[in-house]
Amino acid sequence: MEIFVYRDGADHVEKGHTVEQLPELLKQQKDVIWVDMEAPTAEDEKILRDVFHFHPLTIEDCHENRHYPKIEEFPGYLYLILHGVRADTSPDHFNTIELDAFLGPNFVITYHHEFFRSIANVKQLLQTTPVVCRRGAAFLLHQILDQIVDYYSPVLDDFDERIDQLEDDIFTLKSPSNVILAEIMDLKRGVLRLRRISSKQMDVLYRMSRGEYSLIDQPMLPFFRDVHDHLVRVTDLAENYRDLISGALEAYLSVVSNRLNEIMKVLTIFSAVMLPLTFIAGVYGMNFENMPELHSRYGYYAVWAIMVIVAVGMLSFFWKRGWIGGGKAGNREP
Amino acid sequence: MEIFVYRDGADHVEKGHTVEQLPELLKQQKDVIWVDMEAPTAEDEKILRDVFHFHPLTIEDCHENRHYPKIEEFPGYLYLILHGVRADTSPDHFNTIELDAFLGPNFVITYHHEFFRSIANVKQLLQTTPVVCRRGAAFLLHQILDQIVDYYSPVLDDFDERIDQLEDDIFTLKSPSNVILAEIMDLKRGVLRLRRISSKQMDVLYRMSRGEYSLIDQPMLPFFRDVHDHLVRVTDLAENYRDLISGALEAYLSVVSNRLNEIMKVLTIFSAVMLPLTFIAGVYGMNFENMPELHSRYGYYAVWAIMVIVAVGMLSFFWKRGWIGGGKAGNREP
Amino acid sequence: MEIFVYRDGADHVEKGHTVEQLPELLKQQKDVIWVDMEAPTAEDEKILRDVFHFHPLTIEDCHENRHYPKIEEFPGYLYLILHGVRADTSPDHFNTIELDAFLGPNFVITYHHEFFRSIANVKQLLQTTPVVCRRGAAFLLHQILDQIVDYYSPVLDDFDERIDQLEDDIFTLKSPSNVILAEIMDLKRGVLRLRRISSKQMDVLYRMSRGEYSLIDQPMLPFFRDVHDHLVRVTDLAENYRDLISGALEAYLSVVSNRLNEIMKVLTIFSAVMLPLTFIAGVYGMNFENMPELHSRYGYYAVWAIMVIVAVGMLSFFWKRGWIGGGKAGNREP
Amino acid sequence: MEIFVYRDGADHVEKGHTVEQLPELLKQQKDVIWVDMEAPTAEDEKILRDVFHFHPLTIEDCHENRHYPKIEEFPGYLYLILHGVRADTSPDHFNTIELDAFLGPNFVITYHHEFFRSIANVKQLLQTTPVVCRRGAAFLLHQILDQIVDYYSPVLDDFDERIDQLEDDIFTLKSPSNVILAEIMDLKRGVLRLRRISSKQMDVLYRMSRGEYSLIDQPMLPFFRDVHDHLVRVTDLAENYRDLISGALEAYLSVVSNRLNEIMKVLTIFSAVMLPLTFIAGVYGMNFENMPELHSRYGYYAVWAIMVIVAVGMLSFFWKRGWIGGGKAGNREP
Amino acid sequence: MEIFVYRDGADHVEKGHTVEQLPELLKQQKDVIWVDMEAPTAEDEKILRDVFHFHPLTIEDCHENRHYPKIEEFPGYLYLILHGVRADTSPDHFNTIELDAFLGPNFVITYHHEFFRSIANVKQLLQTTPVVCRRGAAFLLHQILDQIVDYYSPVLDDFDERIDQLEDDIFTLKSPSNVILAEIMDLKRGVLRLRRISSKQMDVLYRMSRGEYSLIDQPMLPFFRDVHDHLVRVTDLAENYRDLISGALEAYLSVVSNRLNEIMKVLTIFSAVMLPLTFIAGVYGMNFENMPELHSRYGYYAVWAIMVIVAVGMLSFFWKRGWIGGGKAGNREP
């Protein structure tokens, strides 16, 4: 647990306060106090209960760690659940970490079970530009939210790239086809999850940005609206990616079926050309005593001639129908 | 029929009161009375009518036992229909039991046709921590709701596991394919039912948690909001499972079609390679008198050589087109 | 045209009044008058116009008989269009009859072009329990609505059964496949129609049950809400059936395609096994003078041995790939 | 441009007034003036601007002739765009004509680029029953709207018939299959257009019928509500047709695929039966010196017997699997 | 950066003012000032901050250049993001340029990173008809919006044409099939993007046209409503194109599958006709000593006769089933 205190009007952020000092610190209405709990212990949860007097249900929600983004107003504080992108996330295994946050008139509490990139960034920011605290606790919370949302952009770019790559793979069929199919399924799952998280997060930000809560005052609203706009874009793109992935699946099915089509054509042509020739050969393999052709001097050569004519005739028939390479209405591969 | 009475301020819950005492008990505005009717008789329904004076339509609704979750306000009481998960439910046969509940200022009545796990749990809870009654009838009802909703979680985990298993089965095609298809249909049916029930239940809880009813006072709202949040998650996951199952069906169709594709390829290659060879053999099986090759000393060996060349030529043609195993643009199984 | 009159406080319902008495009867604000017009004549429509002074458009609507359920308020009366299930309806030919109804402060008028089961039932009810009129005209109308909605339940059961039957048929493919397809189409059409009608009817009941109309007073609302709940269930199930039928179509397409798959496999195996054998036989049918094998004593038997080896080799290859019956990864029919 | 004037209380409609008289006529608040502009000239548009003082944007909208139905209120008048069905429309080429209309307190102006059936009908109506003007300008406009909407009914009947015909064609596959597919595409396009137009028109009528505009007073509302109801039905049926057409496409794809299935079966059976027989014949066509069977007296007949047994055995195998005509689980055409 | 100033009542627009003059110019409440920033520098952004005192977030939004259309109200000004169609856009690569605009009581500021056609057009318009400024800054902004929206029309026409072309290509299958599929995917992507942009833009215009902002006064509303109507049409058509493209994909898949069907038929007929003939020839190629037919004088001719009968019999069987050209129930290509 780390405690940061910004004294009103100061030019730096104090660190290293102890839990015992908290009640005293909270009395300073104009200061800004940030308590960050990483991998919190039972001790930490006791502070939430006894020092901040949060509703037992919210503390339980913090502890459980499997909720979607939401916001709830309680007397004297706001309780938020937010989701940040995991550092090791990838489009086919999209994953998030939960952040629980409390916003009071002069404090922000963040609670998370694992290391959280955005939180670490804001801590650094406090050292370099402590001025971000001057606008109060809500602005500090906005900084955290902004950092969280910024990490969604590279994920979207990853999705973009993977879908492009996927579409290329589909048309060239370079990868084995079941690999492509599994990739489509994974991406779809990832996009569905991204959309679900980001649309819920968008709802949270929407409520924060329309002036519903007295803890977030008028001049703060444009900042939360800005974060909301980012999330609208994320949600919109996730929707878009879902459409593109559906399209990719359809294209994939069609390309695979076209391939089958092509193979079928080869079979047809081979069978259709070979079968009559084999039949002709069979006829003159018969052992009838009275078969005049067999005794003709040029019978053998005549049969070869007939076979060639039959083969050429059939091939040109297929060519005219556009079933072979450069026909009238070709169905070639591009 | 069991009657539980919690006297205001007491430290235990009284049991064993008789129906005749009910009117007297109900006069104590600060006590909490819980009447649980399991497999109710006509006698029990008479009590609902004559002691509690409930609207005849609600009593009829109780009796009928095939409604979706709903909530209705009547003068002096709330009438709820809720659905708990059956103990013997499974993802492909998702099933629920109906619970009818009445909430009055100082009483809760539960009415169900079968043994109900959540009710049994709350009865036990009353023995161990009778304090749950201290906050009034609405809090007791919240306990029951909480128990009901908790039983949805393992069902969701079951669905999760079955869908994962299903996706594995699809890619390996280990199970016979019609078995997979039937499994997909069953899971879809189960998920549709789960979503229908939980979304209606969610609506009920939403109305209970937004302070619409005077019988549920302000400090109770966060508790009902908590149950509501659980149901939002259930509904959301049910939606998600539906999407995944649709995706699984598409994948299944595609995998089956890929398999056909593979089989077709083998046919094509066999036919295409064998037919010309058979034709060549047929040619030299003809009985023409004048076939010079037949009398050549090495004619037979030459024909074998031609056949090998034809076969190798065709195989390499197919290999180049990527139709056989390790070709230029392989379409192998992964 | 039949006229029923219930005098306030009486214990029976009078029948057999004439049209001429109507204006006089309507003056008794506390009585309840029900005029039922079956297969109405121009005479009847004149009564609607001249005695009841209904808006000409509503009378025209009655006459036309091809509207969806709706409700409209006019000064002094409500005009409703409702749809009852036809007696001869079946899931694949779902059909309804239109009922036009007018509700005034002390009268109900029902107008229908054909015999209407629910109306007949209510007429009988009036004889046995005339008390249903004691609560006024709105309650009488509720009785009619209740009867109408009750006839939807067996239709839903029929749908349920037919869809179950359909799913069985799909997996066994007992019926010819185009018959199944036609059945799916018919059921879909029926369900779409059921959903359309019942959702519109639900809207009508919703407006009646929320206290929007002064002609339906507060104590009547739960009764209409009850009918509304029934229709919610009907609409919900219709929605559910639509989903199941879509699923059935997908399953059907997949089962048919699996069947093709199975047939293709047999073809592949036969061709693939037979073609090489035929080729070998062809080779030794050639007429070359110099073919040493032909003169070998055991050549013939050696060829048979080779053929058996080739056949067994290929079959075991297919068996290993899971293409034949009990292979490693069987694709058998269940 | 034609001008019709109905003097308050008169029993006929005057015709033949000139443009110059218009300003004078418009001063009579109780008269009803109808100006119809067919294929309007720049002169006509000047009148809209200078005599009626309409907003320049509305005049521009009139001129442009490619808008969807809409309604806009301006000080002193309502501006409407409506779409009538073209006389030469057909389900696969559904087409509409645009009508621009202005409604003032005592005037109606209609503006259209082509001959408009509904307008012509109303002109005739004015001659026979001039009384339609007695209720004011809004009622005259209602007459026009009513005529326009009436022309939608035959189109719906046409769609109905075409879809029925289409479904028959699909199951019999009488027409060439690409013709059916093109028909499905055309009908879908037509239905989408119909739905788009009629739903926008429905919105216009909805706003006119709910008393939003002071120019349409209370007693007029049921008349516009009546037109609205017609459009609700049109939109609803268009929706329904869209569903049916989607279903028809699915059925078509399935029927085509069943056909392929059937053809595949014939191929399988022929190949599977013929190949072994050909193989047997091939065996005894071999030229080995030592083939004892060849010298046997009844060898030839024994081979025939074997061939018949093989053929019958295979056919009965297929028959048992239900792949031929009257098998255990037949897949016959109905 | 270019500055245009219209002095109230003047008959021309002044150009060439410097940044330094801006504060002075802005004090003239009745003048209209337009500042256009093309490819803006840090200097320009400084002006936005220091001269106009815009909110830092809006300036950042301008700079970033990857937002969807939106509108935000700040004290004293409106901030809009709009998207114009790029000059080099095409249906399969639909692309837009972002325009940021600020509307104040007497100024309009436009900010764009590239050359913007619509802006250039309005600049020209100012020279020819400076009167457009007389109605104030909002009307000037409307001119810009109108120009932007006008450029959407040719794009829609392009889409229309391409989809028509596509449908033709599908039925003739002139282009190679993967080319068609790629075209469908590209068009779908383009249409999805068009719809996304135009529907967001429509929302912006909707809010501007309903009188929500005091900076746009009552008489201006019809003008913005007009632009809104154009965007409704764009969005509607985009929706329509999406439906048509989905339909095209379905048709494409079906046409490809029909083609396969046709090819399969040829294979079936060839195989089915040839195999029995080959078998017969094989039979009489057997070397049994005792084969009476072989010694018959007309045996050879008899076999030929049998072969012809078999072939004709089979062809007529296929013809009757409608599998060949002009059969009973033909499945010909149109």
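Letters A, B, C, D and E mark the chains in the order given here, with residues in each chain numbered from 1 onward.
By our rule, a residue touches a chain if its C-beta (ideal position, glycine included) is under 8 Å from a C-beta of that chain, and two chains touch if they have at least 3 such contacts.
Fair warning: this is a prediction, and the values are worked out from it, not measured in the lab.
Steps from chain A to chain C, taking the shortest chain of touch contacts, total 2. Think of each touching pair as a link: the shortest run of links from chain B to chain D has 2 of them.
Residue numbering shows that chain B and chain C use the same positions for less than half of their mutual interface. Note: centroid distance chain B to chain E, computed from Cα atoms, is 40 Å. A separation of 25 Å divides the Cα centre of chain A from that of chain B. Of all residues in chain E, those touching 2 or more other chains are 257, 260, 264, 267, 271, 275, 278, 282, 285-287, 291, listed in ascending order. Passing around the ring starting with chain A, then chain B, and so on, the chain order reads A, B, C, D, E. Here chain D touches chain E in the complex through residues 55, 57, 61, 67-68, 70, 72, 74, 172-174, 176-179, 181-182, 185, 188-189, 192, 196, 249, 252-253, 256-257, 259-260, 263-264, 266-267, 270-271, 274-275, 277-278, 281-282, 284-287, 291, 293-300, 303, going by the rule given at the top. By the touch criterion given at the top, residues 167, 171, 222-223, 225-226, 229, 232-233, 236, 240, 243-244, 247, 250-251, 254-255, 257-258, 260-261, 264-265, 267-268, 271-272, 275-276, 278-279, 282-283, 285-291, 322-323, 329-334 of chain C touch chain B in their complex.
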